[in-house]
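The same chain A turns up in both complexes below, where it pairs with chain B and then with chain C.
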Partner chain A sequence: MTATTGTAVRPRPPRATGAAPMTAARLLRIELRRNAMPLILPLIAALFWFDSYRPSTATPPLYVLRTFWNMGQGHTIVDFGPFVAGVAAWMGSRDRRRDVGDLVAATARPRWAGQLATWAATAVWAVAAYLILVGALFAVYARQGVQGQPPWWWAAVGATAVIAFSAAGFAVGAWWPSRFAAPVAAFGAFLALMLSSQTGFSSFSGWALILPTNSNGNFQPDSGMLYPWLPDLPIARILFLGGLAAAALSLLGLLPGAGGPRLRQAAAVVTLAGVAAAGTSVVLARTARLGPHGIFIPALHDAANDGSISYTPVCGHAAGIPVCLNPAYQSYLAGVTAALAPVAEEVAGLPGAPVRATQVGAAYDPREGGAGQAMTITGSPPVLGMPVGALGLAGAFGWTSGEAAGQYRLLFVHAFTGAGHGPGTAAQRAVQAALLQDIGVPIATQPQLLSSVGLPSWARTGGPHGPPPATGPVYAAARRFAALPRAIQHAWLAAHLGALRSGHLTLGQLP
Partner chain B sequence: MNVELTELTRKFGRTRAVAGVTLEAGPGVFGLLGPNGAGKTSLLRMMATVLPPTSGTMRLLGRDPGAYGPRREIRRRLGYLPQTLGYYPGFTVAEFVEYFALLKDMPPRQVPRAVAAAIEEVGLGDRARAKLRTLSGGMLRRAGIAQAIVNEPELLLLDEPTAGLDPEQRVAFRALLRDFGQRATVMVSTHLVEDVGAACAEVALMDGGRIVFHGTPAELIARGEGSGAAGDAPLERGYSAALAAARSVAAA
Partner chain C sequence: MTAAGIHSTPRGTAPAEAAYPPAVAALRLAWLHAVSRRVPAALGLLAALGVLLWVALHYHWNIAGGPAARMFIPLTIEAAAAAVVAVGMYGPFGELEHATGRWLPWLRLTAAVALTAAAFGALAAGATGGNLPGGSVALLRNIAGITGLGLLAAVVLGGMLAWAGPLAYLLVTEVALAGSPTTPWVWPARPPHDLGGALCAAGVFAAGAVLIAVRGPRESRHD
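Now for the complex of A and B:
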């Protein structure tokens, strides 16, 4: 069975030498025009509005609080991730679904290059939408007078997460070109994000910090106001997500027919590099520690980020002492001075009474949840340091102005008795209770105040059955001390404050 | 020779779709006839370098498609229209043809002109900006032909290219085939013997994975003369006679 026709082979057509970038750009242009991602973007935008923007407006007008909701807890990523993964899987499975496999396979360009153009268009749409929505979010915040610096690093983490979800989804679609690839990829992405969030609620350190929606990151109360946002953890997460994206995409280059031997070798190298980057980031996350300005990773940490942001404070007066806050907290100044005034008036003239109150940087301890941290009285002349960022703010998270004022007064008195970062000695607690009664917080209601969830755990009392009654030797001593005339109280405090603060006094030594 | 096949075989499990085909072809239009399941599509897919042969050797355009570099060179010079044309419904005709021109590594500066020319050649100039989902079956087939010829291929493989075309379009398509046959090797797989008679200089008849007849259309017609074979046209009778003769030899 031999058939023959014979004539000469005609000259070769011109080759596309040096034109690869232009070819890639034209392929990308076509893919951008006909990509499925724009069809889903209105849905993502609606979700972004309802899930990322609307709830954030219930928080105080500080970038760190507004964006803790949508970036710290990763709602922006949750809004994008599943849809992006699903659409990317749809695009990845396109050639097989559309029965174009043979047509494409018979072309000269490596299959991987064609796939990368399709993926790139999908990712460009998704990332552009993410950046536009986040940009609009920040613009709206700016118009609303939200204070502080936007968390650019965390926006970059979100953009990288979108890239990673698009890459992973595309790989799923390309490896498993079924009509079910898209829903499976979308649901898988959603499940992964939910697991990430759940792990994040309970994991404050270790590998879990690398998860994109783990909220125990750098959202320190005063980030972007008193000190810079630390980029350590965002860099690690970008490394992690970028590594996963590179590995997912380069796996496609290993498929038979993806390209020539050199291209497949390059794909293998990129796959290994991606896996190595992701693995390295996990190792780095395990070394993360909580510092005064947030989570830092020694290997990535730049000491230049440890400085403070200089600012001109805004000041008011509480019973004659200046009270100064970062201008970002200007709207809370009146409330803070009003809250401090009774205590300042009560302790005025006593040794160690602060001559000024000033805001200090607050550090968020995830084990304390939303609780505050201690006020301090340091220096000479003494200055009351207030970690306002870690304290309850009136109108935020359900705090009433009365509750916020009670918290400020309690912590001021607590600092004055020298109890520091603990519950204090029995004598200190008794004097604290007596002074609170003197400024109008009846002893009978103090257990209620002390059970506030806005307080540090060491200051809290009570349990599942509510606050305990104001009974016992501490409250008995407090009632005894509070019953004394103010002049006698002052005289005793003037004489014994040093001993009280050093913790050497017992309940029996109180008058 | 643009096509040199030696004892080419392709198996799918225990089935031998192509069973030792030896064939050589230079420029010209080459018709590939045969009943369903004869192995025509498998043979074209192997020549399109999308299906590796199980055994045998194949040289296309003077190169061995078994190695990546030569295979890529072949693909640059190849046009292929599969039997079942998949397409992207959201693409316009022009985008679809441009997309494949770019995948074929055409110099990007030449692509716009080549795309326009290919679309005009298949008579879709007025539908260039129409989305593929809006086209009829015949128009889709022509869009498929346009992508196959956009790179001025030296080897053009067309699997059932006239399926779905109306008579006027088929006449125009045959003229296109003859034109391409002047400068390239065109292999056309078809059930429609009149296409072969009108456009092909040579024809091969496949049955059971083998080539059972090879010659000119006139020689195929001669096979049918006086044979009493079924058919409404001389070429059909030649087709039936050649097929019957091959089957009787195989049965013996």
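Now for the complex of A and C:
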């Protein structure tokens, strides 16, 4: 039998150029259906509500405060990571646990490709759930009128952390196909996060900044309101977590039977690239510095992020001087103006008395911890600068409106006497105490005010037994000065404020 | 060809059934059950957790914070031990095993109680490395209660996810400890001799042990 010239030539079938992606997509679809991750997602969602959302609602309606617990301290990662690692370990150990390793090794696709499909399905479920829950969190915050910009970069860090935990857990399961791989991966991840917190709480700089639950310096008091969220540290952490994920997954490609020589070479390259990325991020973290807007890393820093966010301030009046705040703080405007009014009235007409008060960006100082910052009076005409983001807010963290107002008055008077960022000279402290007495803060209660939480460290006078009594030469001089008629006080201040502010006056020179 | 009419196996085609004395047979059954539940591996892991606790206490691994924060790493290790016990309940045979006899509930109960006792023993040995918050009494209460949660998780979620119960409780406890809880259901936050906390933990363990014995871990197609 021959193929004669009259035989019709069968047309050549089209090249199956799209076969590989189609097969990969089908494989992923099958793995998505067979994945165990959806079983655990309701539990994760419940814990997310309990651990990440619920505690955050006790904070003021500002994104930087609402999300500090769940994103700054990494609680969204703690809620997801260990569970994702555990389920990923279970999925990674599936084939060898069921003794079908040889069977799947004989399929058309390399073993590593099959494993990557299983991992990808696990990661897709986990990351999708993470993004949905974080999206829901932000949507709820938006409905509650939370002010500022959401920390998108930190949400991206969380999503990358979920990927990294899924990759690490999967690798554990693939290397050790035991029923105990899942709990070991889950509790190992949890313990790692706890140790990360342990190191992070006490590390303000250096390599430890790369740890996913290290909250030092990553959230600044006015991030997303007066200045942008700095992406430097989030980028470094994404690099770190992404590198670890790539290294963990590509290690599986080095196993015998994972694929052909070329595939194993590619896996070796990806492993090295992942390790290099993670190592580079650690080196970058060691160069990180705390700037006024947050942690910046010179090699990653974009100068465009150094600017302030422009806004139209909301203003009120305190005894005739305008008081202007960022609109995010609008709900606190009435309290701030009411707090400043007595001091503004007291110092009106004196040299250096501010003609307006305006909010300035607050900066986190690791030496001060959560304590507040001093107000400043600068410029000509003088302007009172108020770092409201670092001061007590009425109704937040247990502060009453009276306590917050007392702190604002103290800081205003402190700035007026020129005491700056320290406790001030004895004469400055005496005048400060007298002026506070004049505006209705009795000298006897001032040690308690100075000991209250939220003031800069220079104000703290309390010891383990509470605030000391208002006695001693400073308070004696203050009582003497406060007893003078208001006109005499003003006349003396008008004549001596320059010397007082420069620190040249002694207690004995007070009237 | 038909097998009708054949009522016994031909001589020499099947080995004679091994005749074990009842005590040996019972021990062999228990051993086979233990092996099918990977009890030896579980014991190895519990021993490793004991060593980890010893290291954590000896080298003062602590989370920054008050007394509640200081108990957190030991509590994590205790919950991990509970998870190992719970995952050990997973049976690979499913329906087949149910048809083999009436001893299965007792075997499950024995395995659960014995592994819990082993977990306590391993961690009590590990606690000699330093000062364990709450001491041995709190350790026993915590392990029993969290293991009970793991056993309940095995009944509800299946053996493969039984570890999720202790882990979820650990997370809930972490949040609760930050707020000085008074409910006895957060028993790790209660003093060692607190009756309410002890009753809650014991009740959860009893419920978990009974349910795992009677119902066994949930079988899932994902297993």
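In this text, the second predicted complex is superposed on the first by the 492 of 511 C-alpha atoms of A that agree within 3 Å, B and C clash if a C-alpha of one lies under 4 Å from a C-alpha of the other, contacts with A are read in each partner's own complex, and residues count from 1 in each chain.
Just so it is clear, a residue touches a chain if its C-beta (ideal position, glycine included) is under 8 Å from a C-beta of that chain, and two chains touch if they have at least 3 such contacts.
All values reported here derive from a predicted model rather than from experimental measurement.
Contact with chain B, but none with chain C, is seen for A:30 once the two complexes are overlaid on the shared chain. When the two structures are aligned on the shared chain, A:261 is found in touch with chain B, with no touch to chain C.
Of the two partner chains placed by the overlay, neither chain B nor chain C lies in contact with A:62. By the touch criterion stated above, A:194 is placed in contact with chain C alone, chain B being left untouched.
Legend: residue contacts after superposition of the two complexes on their common chain; A:109 is shown touching chain B, with no touch to chain C. When the shared chain is aligned, no partner comes close enough to touch A:426: not chain B, not chain C. Legend: residue contacts after superposition of the two complexes on their common chain; A:394 is shown touching neither chain B nor chain C. Shared-chain residue A:171: touches no atom of chain B or chain C. Of the two partner chains placed around the shared chain by superposition, chain B is the only one that A:99 touches, whereas chain C remains out of contact. Once both structures are placed on chain A, chain A residues 34 are touched by chain B and, in the other complex, by chain C.
For chain A in complex with chain B, the residues that touch the partner chain are 1-10, 12-16, 19, 22-23, 26-27, 30, 33-34, 94-95, 98-109, 114, 259-261. In the complex of the two chains, the chain C residues touching chain A come out as 38, 41-42, 45, 61-64, 72-73, 76-77, 79-80, 83-84, 87-88, 90, 157, 159-161, 163-164, 167-168, 170-172, 174-175, 178, 220, 222.
The touching residues of chain A, when paired with chain C in their complex, are 34, 36, 39-40, 43, 47, 50-51, 54-55, 78-79, 82-83, 86-87, 90, 178-180, 182-184, 186-187, 190-191, 194-195, 197-198, 201-202. Residues 1-2, 20-28, 30, 45, 48-50, 61-62, 68-69, 72-73, 75-78, 80, 82, 84-91, 95, 98-100, 102-111, 147, 151-152, 154, 183-184, 201-202, 204, 210-212, 214 of chain B are the ones touching chain A in the complex.
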